[in-house]
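Two complexes follow with chain A in common, the first pairing it with chain B and the second with chain C.
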Partner chain A sequence: MDWMQRLEKLDRRIIFVIMLIAVSIPVLVRLDMPIPSSKEVDDYYETIEKLPDGSVVFFPADFDPGSVAELEPMMRSALTHLWRKNCKIVCFTLWDTGPGIVDAILRDMAGKMNKEYGTDYVFLGFKAGREVIMVQIANSISGVFPQDYSGKPTKDLPLMQQVDKLTDTKLIVNISAGYPGTKEWVQQVRTRYAVPMLSGCTGVSAPEYYPYYQSGQLSGLLGGLGGAAKYEARVGVKGDATAGMPAQSMGHLAVIALILMGNVLYVVNKKKAGAR
Partner chain B sequence: MRREIPILITIVIGWVMVMDFFFPPVSSVATRMRDWTLILIAISQMLGVANVARINLDKVSRKHPDAPYAMVLLLAIVLMIAFGVFLPKSATIGGLTWGGHEGGSVFDKVYNQMYVPMQGTMFSLLAFFIASAAYRAFKIRSPEATILGVTAVIIMIGQVPIGSLLWDGMPGLSAWIMNVPNLAAKRAILIGAALGAIATGMKVILGLERNYVGGE
Partner chain C sequence: MNISTEVWIWVSALLTLAIYSYLYRDNPVYKFAEYLFVGLAAGYYFTIYYRNTLIPNLIDPILAGPKDLNYFWYIVPIGLSILLLSRFVPSISWLSRWPIGFMVGAFAGLAIIGNAQGDLISQVQANLLPLVDPDSVTGFNNASGIGGKLLGILWMFGNILLIVGLITTLIFFFFSLEHKGPVGATAKVGVYFLMLSFGASFGFTVMSRISLLLERLRFLYGDWLGFTIVR
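Now for the complex of A and B:
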């Protein structure tokens, strides 16, 4: 076996080290990159921008800690944007491992923006039932969540005395890591109740939601950390997504370089084998 | 009767749910039925926990090679349920809130300081395995594989800021791939799957599809 054949069967630990170096460089050396926007991100931004001040927004945060790196930045930017317009937020999650992280983000952002629990936002926690919950909550929020995450009666919260069903709200802002998430909200609720909807989702699920964006069922779409970084640029905050872009860029370049190297070696070794 | 009654229940519930979409007067019946569903789902979750506990208790009692892991799982289940459900919020010892699940409680600390980093670590490891898998498996063995490889490279580079630094047109090209070929294929799959779901749903609520109750 010559060196090119050995290189084609490169030990995976060496590949791991290459990847580690690629994603570490931007952490050690500051790299600033321009972040150009895109139409779906602009539409996302404009939809919130056009909301009347003080509107009530339905905010299902359907993710778990595994997707926090991608979805937390877009949730924080969306909260910043909505609260700048004094919107009221009704938040909950359909992911059983989500409430802790969603609650922490909400409390942290509310503290930074001087928003008061019960008046400016509520967090209702988690309830099992996926699509059934989506339809039920569209008809009666307090029916599905008689208590909020901390156990207070939902009907005692000032914000919940203004709203009790989906059509009392002006917009659905969904943060989605998969199932149940954006696709199910579109199918079960968006089409049925005709309330405009925005989605922020993981990079891997974004291609699946483009048909809903192009059909107008989604008014805007943020896909993965890249989408979150573009939105941060529009909102004017430098958050974790913007900070993560150089590392993600270098990671993508490393994967592309490895694919090209693997293919060059594959072609050369195949030709050599054919010549023998 | 063991087959007929479940089939009848399915047919009635199926029709009520379809009619709820088009005829608002049916809404109150449909809402009540969905409430029943939520109660059943909640009970099934408890059954799920009980089943996980039973399987792992069995592993421990049989001294299975995975018994240490099973013990950790059982301990985690018992402690998290005890902290989050049974201990009252007022249970405070040494400045630490032992009960409840709100911010600052032991439940919340275990979740945010153990579970969240562990899940994040598992997810981030994917980047390393994807790099290794791409090097080994992403080979241009056929024209289709070549198209797939070239498209993947364009999307990967077009989705990150470095793409526009390398070539101004890269984000546009990446967006075109997402909005035209990707969308055409995705829409075809979605419509095909939806038609299949409608056909299967119709067969179930007309009583023609009975496999879900066993037999035939």
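Now for the complex of A and C:
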């Protein structure tokens, strides 16, 4: 077996080490790269920009700690953008592993932007039921969430005395890691109640949601860390997504190089085998 | 380098490394972390479903006593829940089929309505497009320079590409005619469109996975080992 054949059967652990090095370098050494925007991100930004100041926004944060890497920067930028416009946020999650992380992000951002719980935002916690909850909450938020995440009666919160159903809000901003998430919100709620909707989702789910953006069911879409970084640039925030882009790009270059190498080796070795 | 002295940072870092050790090969350290996670998750799920759903939506309203006739609706979920527990008694386990049937029926109904109104009708409407988008013609006319004009031409072909892709892909999934001759050639074009979409999905998946690795590396290098990381 010559070296080209050996290279074709490269141990997968060497590939892991290559990826580790490629992603590690930009984490430790600054490599600034440009972050050009895209139409779906511009539309996301403009939809929020066009909201009247002080609008109430429905904010289902459907993710868990496993997708924090991509979705936390999106949620932070969206909260920054919405709160700059003094929007009121009704947040909850349909992911059972979500409430802890969503609550922590909300508290941290509210502290940084001087927003008060109960009047500027509420966090209603988690509720089991997926699509059933989506349909019910569109009709009565307090019916589904009689208590908020901390156990206070929902109806005692000043913000919840202004709104009790989906049509009382101006926009749905969904942060989605999969099922239940953007697809189900579009199917069960967006289409039925015609409230404009934005989605920030993981890279894995983005291809599935692009048809909803193309059809106008989503007014804007942020896909993966790339989408989060472009949105941070539009909002004027230098967050974890922007800081992560050089590492992301280096990782992609490593994957491209490995795919090209694998294909070249395959063709060359096949030709050699044919010649024999 | 300013290594962390916080216990929970160390626990988190060591468990991350334990999980990553699987990349080398399966080993007892990885198994320990895996079992620990499964056990913790089971306890967590029980607690959160009990605290966030059962207590506020069922137990508290029942203990509060009847205010109107709607109170008696709570008998239905309680009854169905008890029937679900009959699975533990083999002689009456068939009773659990009723609540399961209720859940399957409700979710199937919602899924059918959602797919029909959210996907099928809306997506068919969204694909009833003019072959050439009038905005693209305006965009082409207003574009300056060779680059701008080239982009304008590509924009003009956007709808055509979408419609050709849609029709050829649908023909690929049409199995009532043998894929030979013109049908076969059209289906083959559909395969290329499918391959392009798989490529795009793979690209997004790579981006997602690198993001996960990146977040863990930032934690390990920054929060745990105390290196200065790029912010």
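Following the convention adopted for this analysis, the second predicted complex is superposed on the first by the 276 of 276 C-alpha atoms of A that agree within 3 Å, B and C clash if a C-alpha of one lies under 4 Å from a C-alpha of the other, contacts with A are read in each partner's own complex, and residues count from 1 in each chain.
Definition applied: a contact is a pair of C-beta atoms (placed from the backbone, for glycine too) under 8 Å apart; a residue touches a chain by one contact, two chains touch by 3 or more.
Note that the structure is predicted; figures quoted are calculated from it, not measured.
After overlaying the two complexes on the shared chain, residue contacts for A:M113 are found with neither chain B nor chain C. By the document's definition of touching, both partners, chain B and chain C, reach A:T97. Legend: residue contacts after superposition of the two complexes on their common chain; A:V235 is shown touching neither chain B nor chain C. Using the contact criterion defined above for the overlaid structures, shared-chain residue A:D64 touches chain B, although it does not reach chain C.
Contacts of A:P207 after superposition on the shared chain: both chain B and chain C are touched. Legend: residue contacts after superposition of the two complexes on their common chain; A:G262 is shown touching chain B, with no touch to chain C. In the superposition on chain A, A:A128 contacts both chain B and chain C. By the document's definition of touching, both partners, chain B and chain C, reach A:H252. In the overlay built on the shared chain, the residue A:V163 is in contact with neither chain B nor chain C.
Overlap of the chain B and chain C interfaces on chain A comprises residues 16, 19-20, 23, 66, 68-69, 97, 99, 127-129, 132, 135, 144, 192, 203, 206-207, 211, 214, 223-224, 226, 246, 248, 251-252, 255. Interface residues of chain A facing chain C in the complex, by the touch rule stated above, are 13, 16, 19-20, 23-24, 26-31, 66, 68-70, 96-97, 99, 125-132, 135, 144-147, 183-184, 186-188, 190-192, 202-204, 206-207, 211, 214-217, 223-226, 238, 240, 243-244, 246-248, 251-252, 255. Across the complex, chain A is touched by residues 21, 27, 31, 34-35, 37-38, 41-42, 45, 100-103, 108, 111-112, 115-116, 119-120, 122-124, 127-128, 130-132, 134-136, 138-140, 149, 152-153, 156-157, 159-165, 171, 175, 178-179, 182-183, 186-187, 190 of chain B.
Residues 10, 12, 15-16, 18-20, 23, 33-36, 38-39, 64-69, 97, 99-101, 103-104, 107, 127-129, 132-133, 135-136, 139-140, 143-144, 149-150, 192, 203, 206-208, 210-211, 214, 223-224, 226, 229, 245-246, 248-256, 258-259, 261-263, 266-267 of chain A are the ones that touch chain B when the two sit in their complex.
Taken together, the chain C residues at the contact with chain A in this complex read 23-24, 44-45, 48-49, 52-53, 56-57, 60-61, 106-107, 110-111, 113-115, 117-119, 122-123, 125-126, 197, 200-201, 204-208, 210-218, 221, 227-231.
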